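Note that chain A is present in both complexes that follow, paired respectively with chain B and with chain C.
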Partner chain A sequence: MSLASAIRDRDVAELPSKRDEDWRWTDLRGLVRVLPEPSRPANPSSAGPFDALAGDVRVSTNGGTVTPVVIAAGETAAVALRFVSRGAGAHLAAVDVTVGAGARLVLLESYESDEASVAQVSLAITLASGAIVERIVLAQDDAEAVCVSYAQVVLGPSAKFHQTIVACGARRQRLETRVLHPGGGAELRLDGVYLLANKAHSDQTTVVTHTGTDGLTVQLTKGVVRDQARGVFQGKIVVDEGADRTDARMGHHALILSDRAEVDAKPELEIYADDVACAHGNTVGALDEDALFYARQRGMSQAEARSLLTEAFIGEVVDHIGHDGAREVVCAWVAERLRG
Partner chain B sequence: MVAVRQTVEHVENLEKYKHGFVTDIEQDFAPKGLNADIVRFISAKKKEPEWMLAWRLDAFERWQAMDEPDWAKVSFPKIDYQDSYYYAAPKEKVGLNSLDEVDPDILETYKKLGIPLREQEVLAGVIGAPRYAVDAVFDSVSVVTTFKKELAQVGVIFCSMSEAIREHPELVQKYLGSVVPVSDNYFACLNAAVFSDGSFVYVPPGVRCPMELSTYFRINAENSGQFERTLIIADKGSYVSYLEGCTAPMRDENQLHAAVVELVTMDDAEIKYSTVQNWYPGDPQTGKGGIYNFVTKRADCRGDRSKVSWTQVETGSAITWKYPSCILRGEGSSGEFYSIAITNGRQQADTGTKMIHLGANTRSRIISKGISAGRSSNTYRGLVSAHPKAKGARNFTQCDSLLIGKHCAAHTVPYIEARNGQAKFEHEATTTRLSEDQLFYVMQRGLSQEEAVQLLVNGFVKDVLQELPMEFAVEAQKLVAISLEGSVG
Partner chain C sequence: MLSVSNLHASVDGKAILKGLSLDVPAGEVHAIMGPNGAGKSTLSYVLTGRDGYEVTGGSASLDGEDLLALAPDQRAARGVFLSFQYPLEIPGVPALTFIRTALNAQRRARGEAEITAPEFLKLARVKSADLKIDFEMLKRALNVGFSGGEKKRMEILQMAMLSPRFLILDETDSGLDIDALRIVSDGVNALRSPERAMLVITHYQRLLDYIKPDRVHVLAGGRIVASGGPELAHELEANGYERYEQAA
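After this line comes the complex of A and B, so read on.
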């Protein structure tokens, strides 16, 4: 039961629906009545947002194959990975990313679509011991597109994985990350931003499973929704029996800037070990009236004050991006959307 | 670490369940099993009017078409609904007029449980001591309701559901099933078909109920299920505080308790509903026996500025599966949920609340404290939602879990759905074990390890205990201690 199997088998009955607990706020079966024809090979015909930052740019257009990303032990690399949809067809793409012991990788991923395409991208990311990966995902899908990205991440001992997903939504957009966390000094940071307007929908789902002792997970997702947009956050942290001394913290905070926008959240903890410190916090609300008033009395217009406060709100996440060039690209992208 | 290990050992050496005795009395049973004739049998036994029987049969028909839900984080063997008695009542004595005619064995049962059924016993205490009226439900029937006359003087109706169906059909017909519809869920639907007894309360406009009302549920018969139905209506500007308590004998088989509680508040009315649930939790070593407590509790805050407050102390039951909820319909209405859920041995609990904000400026507050020990599993599951019209809705949720031991589990599954820009929702949750540092600090001040754990656990649940009516808070505190005997004294 997934978008991938529905596209493969050309059968809408395999689409996840709101009756499936994990998809209750991202109903695909109710939306996609007929699957479009398979996409035809095409040319990306534009540059990707991170092209200038990576020596190695790989593009999958309309499900075209991409050679697996393999970083040998001890090496350092920056790879841009573009998933491009041209036209309104349906397609699947899959990429394996393997990072050797002690290697460093900056993975600059982008989703670019221009019409009502239906696509699923599957990634398998494996980090050997001591590997360090920073994954930055910029999902700029078309307002009519349906896109699911599914990443399965496996951490080696003392590996570090730092992820930031930035999304502006689509007709339906789901960015799902599942991490197997062995503990043993491995560190995980999962951050996310969604900026939604009009009728956009964006779903950021994460599942982190701690299987060993001494694991660290820090999560922070922030969103701004306006008009009739809908933001969804589902975060789940599982601590297996015996995964003692796990330290996991999750935060999700959203601003609703219109009367008809919606935010749905499910921050979940599933704990089977006693010596742990796990916490989550979740807030949903409007901009703080007092802060707005303060900014206005310093001479700002209402619009300026609002954009200053929302930018500062989102800035907390964007500032965590370690790669300077990527942070600048994301910063500019966020600023443009918040002001527009 | 030594302190924690000792705590775990203590918890494992649990004291036996104190209310596990059986009262040996003659009882009337319906034939075993469940079919339309059993539904008719129950209705006839209760001398119900035609409309009530029709309501039950309709519910039974719908129930047969439903599937048993399985989404909760609890696991249990499939229930055989045909292998249970749906009606069990102490043999009726002809023309029961006063308490003196109630079977002395039943009176003795309640005495043993510490429930005052004789009004003079309640009054015999210190002058000015708080009084409370009791409706005592024994298996499928209400055996006695105290202080009815005194309550009637101020217009408060407090009686068993069977009596209400006979004496106040207009109120029952108007409100029964209006908060929890017949086919709301599988267990509520089963309850609608076979419900036996429960309490009915109506507080007229402007009346502040002069005493605490309470119901004491006791399962006694073997192989029987208890399906009580409670309906409380607080009319405009009224106030009532209601408490329910529950116990059952120790048995090797599982018994089903599927109750429905409906609360209705009109403008400016308030209901405070407290539960101290101590059904038999099953054998802590093997997990054999114990009550399945699958209950639907819901409040409809229909009136503007009305308020419902749920407080629950859940220590018993093999499996607890319930979500006391508030539908905040009236403008400015508010809902509160304070919960302590303790699981030990092999117990499983999946409990929490739903706060559904429909009206403008509605407020809700959720404080949930879960403690899991032994090999138990404790889940908080809750929903907070704001409708587009619920401008200015406000929620604060805090759910904390405490783990004692290596083999227990604690889960937190909150759902938050905000559908307008003027709602403000805050949620925070933590899961930890008893802090070594705090234990050490308290013990170096001269407290024994037991006292230290007791102090810390009491501190952990304090926010909820202080919401209980005073006379029950003491009782609940003791219950918390017994449930975690060994670690909390």
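After this line comes the complex of A and C, so read on.
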């Protein structure tokens, strides 16, 4: 059951539905009654958000193939990967990303759709020993689009993987990351931001499996939802038997700015090892009224005080982005959406 | 300048201010003293427009303009500033960013040009030096992890930078060490001018040795029950509020 197999087989019966435990908040079966026609080949109409930051920009429009990203051992690279959907068709894209031993990669990924397309992108990202990857995902889908991004990440020993997903939702949007974590000095940081308005839906789902001892995972996801939007966070950390001294921390915090907005969160720790330090924190609430009044007493309008406080709330995640240029792009993108 | 007449206000349906009248002419400093729970902070919140503080009667005006009809930020733009008894923490917003945003919001509301970044930094350096605040501290999130006394100093720094016309100091002296009390008082006194007025809420005569009031009022039971010159503060220090609480 996946959107990918449904698109491939042109069979809506294969869509994940709310009866599937980890899709219960992102029901595709109930939403997509008929799959649209396969998308026609097309060219991207405009520039991507990260074009200026990468020497190597690869674009998959409407499921067009992109050559695999291969970074040889010891190399350093910045690659922009654009997944563009034009029109209202259905399509699939898949990319392999392989990063050699000790290599460094900044992967600047964007999702850009302009209509009611239905698409899945699947990535397989493999880090050899000591590789360092920062993946920044900017998902700016169309309000009518249905989009699933599914990334499978395999970390080698001592590899470092730092991901930040920034999303504004779609009709249905699911950004899923699964990481196989070998422990042994490998470090994982999974961060996320969702800023949702109107009827947008965004789902950030992560599954991290620690298979070896001494692994580190840190996760922080923050969201702001208004109007009738819906944010979904599912974070699961599995610590296999014997993966002792795993250190895993997960935080999810959301601000709900209207009565009709909704946030569903499911942080899960599944621990089969004895000696671990794992914790999760989850809060969903409104902006602090006292802080708002304080800002207004100093002269800020209600709107300005709100955007200052929400930007600061989201800033905690954005400030962690290591790549300067990408952080600036994301920062501006966030500010534009929050100041609306 | 400030004119409050027969003001009634309640919080959560409970009447707190019960017919409070007070006039603070331009150029003057008035002190308000009174027992815990008398309604002093409530008065400061009503004057600044905090949600949940419901005015049920009476009036308050600044230079003849109805204050109570204005939003909190409009009052701030007219020059009303409150130094909070308990300043709020603003996670993720550096003090400098917060103050610059506030200053420019006020300027825009008054139809003035925004302050440029270099002008602002210069102002911040001068004012923080006056108040012996380490400039590096202004790069930290406002009030987050600051000590009680540091928060109070930060209130006065904001006041010095926003340069308001009507200042309300709600127990700004509490939590300040002896040196800080003098530094903060100097900062407040620097703002004394014929165009400005101040309302200084305090429990202690000591502050009034530094910030010399023109008038002292006793607030008890939600009303001003006695007013006098600076000597009234000494009398309260010696005898307490007992006879005023009975009067209330």
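One rule holds for everything that comes next: the second predicted complex is superposed on the first by the 340 of 340 C-alpha atoms of A that agree within 3 Å, B and C clash if a C-alpha of one lies under 4 Å from a C-alpha of the other, contacts with A are read in each partner's own complex, and residues count from 1 in each chain.
Here is the rule we use: a contact is a pair of C-beta atoms (placed from the backbone, for glycine too) under 8 Å apart; a residue touches a chain by one contact, two chains touch by 3 or more.
Being a predicted model, the structure only gives us computed values, none of them experimental.
**Student:** Just chain B (first), just chain C (second), both, or neither: which does A:185 touch?
**Tutor:** So A:185 meets neither chain B nor chain C here.
**Student:** For A:298, is the partner it touches chain B (first), chain C (second), both, or none of the two (neither)?
**Tutor:** second
**Student:** Count the residues of chain A touched by chain B and by chain C, then name the partner with the higher count.
**Tutor:** The partner making contact with more of chain A's residues is B.
**Student:** May I ask you to decide whether A:284 touches chain B, chain C, both, or neither, giving the answer as first, second, both or neither?
**Tutor:** It touches chain B, and chain C stays clear.
**Student:** For A:274 in the superposed arrangement: first (chain B), second (chain C), both or neither?
**Tutor:** A:274: touches chain B, not chain C.
**Student:** Of the two partner chains, chain B (first) and chain C (second), which one does A:157 touch, if any: first, second, both, or neither?
**Tutor:** Neither chain B nor chain C is touched by A:157.
**Student:** For A:261, decide between first (touching chain B), second (touching chain C), both and neither.
**Tutor:** In the superposed model, A:261 contacts chain B only, not chain C.
**Student:** For A:313, using the defined touch cut-off, is the partner it touches chain B, chain C, both, or neither? Pick first, second, both or neither.
**Tutor:** It touches chain C, and chain B stays clear.
**Student:** Taking the contacts chain A makes with chain B in one complex and with chain C in the other, which residues are shared?
**Tutor:** On chain A, the chain B and chain C contacts do not overlap at all.
**Student:** So in the complex, which bits of chain A are touching chain B?
**Tutor:** The contact residues of chain A facing chain B are 21, 241-242, 254, 256-286.
**Student:** How about chain A: which of its residues touch chain C in the complex?
**Tutor:** 288-291, 293-302, 304-305, 308-309, 311-313, 315-316
**Student:** For the complex, give me every residue of chain B touching chain A.
**Tutor:** 71, 388, 391, 401, 403-433
**Student:** For the complex, give me every residue of chain C touching chain A.
**Tutor:** 48-51, 71-73, 75-77, 81-82, 84, 87-93, 97-99, 101-103, 105-106, 109, 141, 158, 162
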